[in-house]
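By written order: A, B and C. Residues from 1 in each chain.
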Amino acid sequence: MSSIDYNQIMSIGIYGSAIGLILIGLYAVLMKKHLTKIVIGLSIIDAGIHLLFVAIGYIDNGTAPIFSPKGLEMMAAGKTMVDPVPQALVLTAIVIGFGVTAVALSLVIRLYRHNKTARIDQIKSLKW
Amino acid sequence: MVISPVHYVAVPLLAAFLMPLLSKINREFVRIIPGLVLIYLGYVSVTLMNQLAETGTIVETIAGWSAPFGINLVFSPFTGFLASMMTAMAFIIWIYSYRFKKVDSEPAQRFYILQMMLVTGTIGIVLTGDIFNFFVFMEITAISAYALTAFYRHRDGAEAGFKYLLIGSFASTFILLAIVLLYSQVGTLNMAEIAQRMHTVPMPMKVSILILFLVGLGIEAEMFPLNGWAPDAYSQAPGPVGVTFAALVVKAGVYGLIRVVYTLFDIPSVGEFLIIMGAVTLVISEVAALKQTNIKRMLAYSSIGQMGVVLIAFGIGTTEAVFGALFLMFNHAIIKGLLFMSGSYLVYNNPEKEIKYLSGYGMKMPVISLFFSLGALAIVGLPPFAGFWSKLYILMSAADSSLYGLIALILAVSIIEIVYYFRVVGRLYFGKPAEGSIMHKATPGGIIAMSILSITILVVGFYPDIISSYIHNAAEALLDKAQYIENVLPSVNDLTQIQN
Amino acid sequence: MKKVLVILMLAVIGYSLGTSFSTIKFGENRIGDPKEEKNVAAYYLNRTPDELSVANVITAIVVNYRGFDTLGEVSVLFLAATGLGSILYRRRKKGEHPEVITKPASQLLQSGSKLIYPAILVLGAYVFIHGHLTPGGGFQGGAIIATGLLLMMMAYKDFEIRHNVLTWVESIAGITFVSLGLTGLIYGKTFLENFLPTGNINDVVSGGIIPIIYIAVGFKVAAELAGVLETLLSNKEND
């Protein structure tokens, strides 16, 4: 196969799965009735976006951006380094996503305690 | 140590980390520390504003790397004005919240930490010059807001908080997606450099990124139809938190929207889009306010409507219009603050916060009712109160751009505002008190806070020139994109690390 | 009906995202030659080994170049833990002891975890101490340690970490981070600037304040995650 086809397959594969994750997460948030499943959906959306972000930074024939002895060896052999910035940003984004998930789960626990149910269609004191 | 913009973030953060330890020494520390921090930040504001007047926009680099390789904070006439306003409001809110409700000491500690970080987050949003840093501060604000909305145990706080969290997470998702796409196109995260490189981005991609930003930031700025979370969050949150939402958080959201639209992008027709969305937001929320029986929800819808007017004014885009918009933001912060503060006391012992229970409170809680009425008069734009000037300038700028339809719209909506505000005021003074209605005496802190706001409303109403020069400079700074870029980026070829 | 609308909307979103991303060629080198420094990424790749003596460029970005973001991130964690505590707070009735899990864990879990637990802790500590040399860092190491703690919490009913200890570790680590930043300010440089000598690349002691910050972050993350887990695990079901 020529290298162009390989690249297309890779991009469809990676971008496709990341966007797929986002869509699956969106579906869960919008359609599922159980609160925990909605929170899991949020996590899945986050995973998709992070994957997308890291995928943007990839460079063909690239290696990790670390100047260890092994890394310097690879540089000498002609490999370039991938873009480090998206990885650093994703690191921050993952932690932030965790924080939001933690707060969301605590709210679910509170709602469950209060209403004895965790299904969204049975908790409707405020107008949705 | 030189006073610099980073103090706005570093000092409250240090205090927040210290609070759990200090609360073990003395329980009362947790209530006092936020006040001390805010007083110090007030001093910082004054110092920086003076420095601004002398030497121009202050750009501070973090970690010693000049933009765009490091993060930078920008204290310009525009951002500095917003930051100082937020600091002042936060301090007044602190006075108000001192002993607002008797809470046990452990939650009190958490409340003040969250509240302080909420304020820090909004100020950080306004001061940062880096788009990902903007996202981080937005999340700081968001998480504090989610937790604070659900603070009280016995109300529907958890449900409102969860709804806020869901919709807020969508906002974060869209903004993060926009940042991903943006980085892939321009290779930088610094706002000034993005503005510089924006012309290299192909148009379809530009439009996609802009749409993602508009949706994400529109949620935070309470633009229709993305503001469903706001009435619930405002009404369920504790009193001081509701004030913070109306006076600080939504302003930060609008700031984000404006910064992206004006500074980052260069598509001219966005202005018309903002006018349309602002008008729709205004009409729908004011009509909704009319139908509300819960006073806090009514105030929340009214806030959304005011932000609609702000969006319209920003959409018009002339210097005069932007001046009016910023003036309105300032007025809205103090007037809506006063309304929420007095409103919270009026319905203190009334779990449903229904207006119909307020009959005759004018006699029983005369001072607070007076504050509320003052706020109502001010917000509909009657002279000689502060609200009059902002409305006037916005209407004048609409006239200058020959947008007479808008003038009619805003005036018509003002009539709706008068109806639902004076419905409450009338009930306060002319209703018959129901049997056994209990009122709550306001704390001294509450009275002081509300008095400060009332006096400000009167002073600005009679002498708008006191702050209009600041706002005018702010408007000019916002509109001058080239100046912003020049301030932040030194000569583009100079890549050496700044030594001190 | 709602399902149809949702699927339709998802299709639209998926399509627009797909077309947007198809214009971004996967694996395309948008940085160019690092020596030319056409954009930020090239600058970081070029300058890190010489000016900061740090091998892991991502650590350098996270802790130094974009250290302010990391400060924000650490505060997000802190806020999440605080928010969790405030949302789930309940007044302890007299004599009520927070119960953890009621069913004892299986024999496999109990003996296995005793074996693995020290190894996990060491691995976590290794990861965050060597953050500037190998992939990983404070957040990763802290998460590993917290996972080890979770393992022990699940295996043993009585395994309890005193909340006091966690609070102290959390606060002190956070204060360390901010103080290091402020120290830079006091000495006339900018916030979070590197004021210690940078040493030789690939040494453990190199990179100035970067390893110190990352170690503090590692402790903080571990303490915070453990605190969150404990708050979540020690809640009884009946109100």
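Please note the rule applied: contacts are C-beta pairs under 8 Å (C-beta built on N, C-alpha and C of every residue); 3 or more make two chains touch, one makes a residue touch a chain.
As the structure is a prediction and not an experimental result, all values here were calculated from the model.
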Does the chain-touch network form a line, ring, star, complete graph or other? complete
Hey, which pair has more contacts between C-betas, A-C or A-B? A-C
One chain's C-alpha mean falls closest to the whole-protein C-alpha mean, and that chain is B
Starting from the mean Cα coordinates of chain A and chain B, work out the distance between those two points in Å. 30
Centroid of chain A to centroid of chain C, CA atoms only: how many Å? 16
Touching at least 2 other chains, the residues of chain C are 17, 24, 30-31, 40-41, 44, 66, 69, 72-73, 76, 79-80, 83-84, 87
Interface hub residues of chain A, defined as touching at least two other chains: 22, 52, 56, 85, 89, 92, 96, 99-100, 103, 107, 110, 114
Numbers and ranges of chain B residues touching at least 2 other chains: 132, 136, 139, 143, 146-147, 150, 158, 161, 177, 184, 189
Give every residue of chain C touching chain A within the complex, in rising order. 2-3, 6-7, 10, 13-14, 17-18, 21-22, 24-31, 34, 40-41, 44-45, 48-49, 55-58, 61-62, 66, 69-70, 72-73, 76-77, 79-81, 83-84, 87-88, 133-135, 137, 139, 201-202, 221, 228, 231-232, 235, 239
Touch list for chain A against partner chain B, complex: 22, 29, 35, 38, 42, 45-46, 49, 52-53, 56, 85-86, 89, 92-93, 96, 99-100, 103-104, 107-108, 110-111, 114, 123, 125-126, 128
Spell out the part of chain C that touches chain B in their complex, as residue ranges. 16-17, 20, 23-24, 30-31, 37-41, 43-44, 51, 64-69, 71-73, 75-76, 78-80, 82-87, 89-91, 167-168, 170-171, 174-175, 178-179, 181-182, 184-186, 188-194
Chain A contacts chain C in the complex at 7, 10-11, 14-16, 19-20, 22-23, 26-27, 30-31, 52, 55-56, 58-60, 62, 64-69, 71, 80-81, 83-85, 87-89, 91-92, 94-96, 98-100, 102-103, 105-107, 109-110, 113-114
Can you list the residues on chain B that touch chain C in the complex? 1-2, 4, 6, 9-10, 13-14, 16-18, 20-21, 60-65, 68-71, 104, 106-107, 110-111, 113-114, 117, 124, 132-133, 136-137, 139-140, 143-144, 146-147, 150-151, 153, 158, 161, 177, 181, 184, 187-190, 202, 204-205, 208, 495, 497-500
